[in-house]
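Presented below are the structures under discussion, each in the form of structure tokens.
There are two complexes below, and they share subunit A, which is joined by subunit B in the first and by subunit C in the second.
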Partner chain A sequence: MTLAMAFDIGLALLVVGVATWTIVAHNTFAAVVGFVAYGLLLALVWVRLAAPDVALTEAALGSGLTGGLLLGASTRLRRTETSEDAAELPAGALRLTAVGLCTLVAAGLSALVLLLPVPAATLAPQAMASIAATGLGNPVTAVLMAYRAIDTLLEVVVLLLALVGIWSLAPDRVWDSLPGPRHHADSEGFLTFIAQLLVPVGILVGIHIFWVGSDAPGGEFQGATILAAMWVLAMMAGLVDAPPVSRRWLRLVLVVGPAVFFAIGLAGFAMAGGFLAYPESHAKMLIVAIEMPVTLSIAAALALLVAGPPERAPGR
Partner chain B sequence: MTDATVYGVCSAVLVGLGLFGLIMHPQPLRKILAFNLIGGGIFLLFGVVARRGAAAGLGGDPVPQALVITGLVVAFAATALTVALLLRLFEETGRATLRSDG
Partner chain C sequence: MSLAPHTLTILAILAGAFFFMAGTIGLLRFPDPLSRLHALTKADNLGLGLVVLGLLFQAEGLLPALKLVAIWLLVLLAGATITQLIAHAARPNGSAG
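After this line comes the complex of A and B, so read on.
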């Protein structure tokens, strides 16, 4: 057994251990902390699987933003933990049956993985064959922006739909107000200090990750997630307040990405004979022209998804 | 045995663990957490398939990798929506439970 293989087995065991902890932990807050660790370990796994783009997304979005969202929810729901629905798992025959069934599912999936056909199916040669036409150097970005651009367009729309769903959960009396609880800046506080230090650096890192994404690991989703995390951090530290959800500039920021994406997609009919087709001479320029507003829209949508539905009038 | 095999079995175990938490935990927030655990396992399965498809000088097939990135973003949006629904339920009833009785 080589050293790399020993590392892989150790990492896999660690991931399974942390995942078990998030299921069996009594305290929900502790379970969420376990989930954040689970996401970071998965990011390491993605690096081992030669997918640095996914590793960045997993660390920033799967672990960071999702963790922040769930930590906030578990703090709000802490009061319910001592009530009738304690974190106690059902015992006895029910538990045994569930363990048996879940083991069966895991065993079936393992068998499928072990019996996958050899040689493995792959689209890598096709993806690489057409990458030159896009002018991009990162094959994953090329797939996201050219080969499967329609998935990416619909995904940005899904983010907006989720946001509309969350906003429509606001009671009538607070509609047109600010999302989430108001956090007050504490000039002596640790969080405020960290936010003042980290937010400017984080914004630069986010833009950098977005920009290098055409040729190196990174891209609009990873960059936008970091930008969103910085906005969330500034809001949590009380440095800035969330905007009222009815602001026109906010709505514009949210829809400019998908709108430009859709417009350039339609222009593809005239320029290259198909929806979301790029003329070869201008492919990279058009892709970057889509990516910039899309990054802005995704960042705003992600941050507002974390902030939640509007719930208080301005100034409170 | 390759790294893809190790992580392939790992992803299967993660799906099993998450499924157990999803059906057994009485608290909705713990169910959401368990559901995300399943999601992590399924995405990892995609990663394993991508890794096995390494060709053309790449360490992995970029198509499943791009699908996972899309999937992660959609999973986050769905999680945010469920959490908002749960918090609204708590706000309305003072409880966060799926039980319909008293």
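After this line comes the complex of A and C, so read on.
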């Protein structure tokens, strides 16, 4: 057994262990902490599988952002959990069902992987063969923005739908108000300090991750998550307040990405004879023209997902 | 090709791993949250610093080396802040200071 193999086996056991712990953890907060650790370990697994793009997405979105959303949810649920009928039989049955279903899915996937023919069928050679036509250097970005751009368009729209879903939880009387609790800046506090120091650096890193995505691991979803995290950090430190959700500019920022994506997709009928088809001479330029507003929209949508439904009047 | 960079890498990463192990033992064995945090920060700061130092000998060119150092500095910053936040939350009366 080589050292690398021992590492992989250890990593796999750790992932399964943390996953099990997440399900049996006896309160929601602990389960969320387990889930975040699980996501980070999973990112390591993707690195070991030579898929750095997926690893970045898993760490940023799967573990970081989803972890943040779940933490918010578990904080809101804490009140209901302390009541006496919590964590009784129904929860136990629910957990057993979760374990059963997870095991079933895992077993099904393992069976499929084991049944794959050797060598496994792959589209990788075709993806690499046409990559020059897209002007991109990263085959993952070529799949996301050229070969299967419609999937990416739908993902961006799904994010907007999720945000609409969260906003629709707000009662009518607070509709024209600000999301989440107001955080007050403490000018001597360490959170203010780190927000002032980290936010500019983080914005730079987010734009960098987005920009290198055309030729190296990275891309708009990963970059946008970092940008969103910086906005959330600035809000949590009280440096900026969340905008009222009815603001026209906010709606524009949220919609501009999918709108430009869709418009360029429609223009594809005239330019190259199909929805989301790019003429070869301008493919790279069009892809970047889509990616920039999409990154902005994703970042805004993700940050507002974390901020939550509108619940307080301005100034409170 | 010289062996010296590889030797230095192995030594630095082993030393880093030692700090991570010491930090983990501290996390498991120390009695209260504040001393556990104390143990953890040693792992984060020195352990990661030594691992980054070890990797610097393997970096190809100045830019990757600078990126490694930047990662270490960012983790230092984030680690120190998170530690403060946790310590703040863990204080019995929740007071600042």
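As a convention for this text, the second predicted complex is superposed on the first by the 290 of 316 C-alpha atoms of A that agree within 3 Å, B and C clash if a C-alpha of one lies under 4 Å from a C-alpha of the other, contacts with A are read in each partner's own complex, and residues count from 1 in each chain.
In the analysis below, a residue touches a chain if its C-beta (ideal position, glycine included) is under 8 Å from a C-beta of that chain, and two chains touch if they have at least 3 such contacts.
Treat the numbers as computed from the prediction; the structure is a model and nothing was measured.
With the C-alpha superposition on subunit A as described, subunit C and subunit B fit side by side in the combined arrangement. Once the two complexes are laid over each other on the shared chain, residue contacts for A:47 go to neither subunit B nor subunit C.
Residue contacts after overlaying the shared chain place A:277 against neither subunit B nor subunit C. Of the two partner chains placed by superposition, only subunit B is touched by A:166; subunit C is not. When both complexes are overlaid on chain A, the residue A:250 reaches neither subunit B nor subunit C.
With both complexes superposed, B is the one of subunit B and subunit C in contact with more subunit A residues. Shared-chain residue A:203: touches no atom of subunit B or subunit C. By the touch criterion defined above, A:99 reaches subunit B but does not reach subunit C.
Of the two partner chains, neither subunit B nor subunit C is touched by A:30. Between subunit B and subunit C, the shortest distance over C-alpha atoms in the superposed arrangement works out to 21 Å. Common to the subunit B and subunit C contact sets on subunit A is no residue at all.
On the subunit A side of its complex with subunit B, the touching residues are 4-5, 8-9, 12, 15-16, 19-20, 22-23, 28, 31-32, 35, 38-39, 42, 45-46, 48-51, 53-54, 57-58, 61-62, 65-66, 69-70, 73-74, 76-77, 80-81, 83-90, 94-95, 98-99, 101-103, 105-110, 112-114, 116, 120-125, 127-129, 139-140, 142-144, 147-148, 151-152, 155, 158-159, 161-163, 165-166, 169, 219, 221, 298, 302, 305-306, 308-309.
Per the touch definition, subunit C reaches subunit A in the complex via residues 74, 77-78, 80-81, 84-85.
The residues of subunit A lying in touch with subunit C in their complex are 190-191, 193-194, 197-198, 201.
Contact residues on subunit B toward subunit A in their complex (touch as defined above): 1, 3-21, 23-27, 29-30, 32-34, 36-37, 40, 43-45, 47-63, 65-70, 72-81, 83-88, 90, 95-97, 99.
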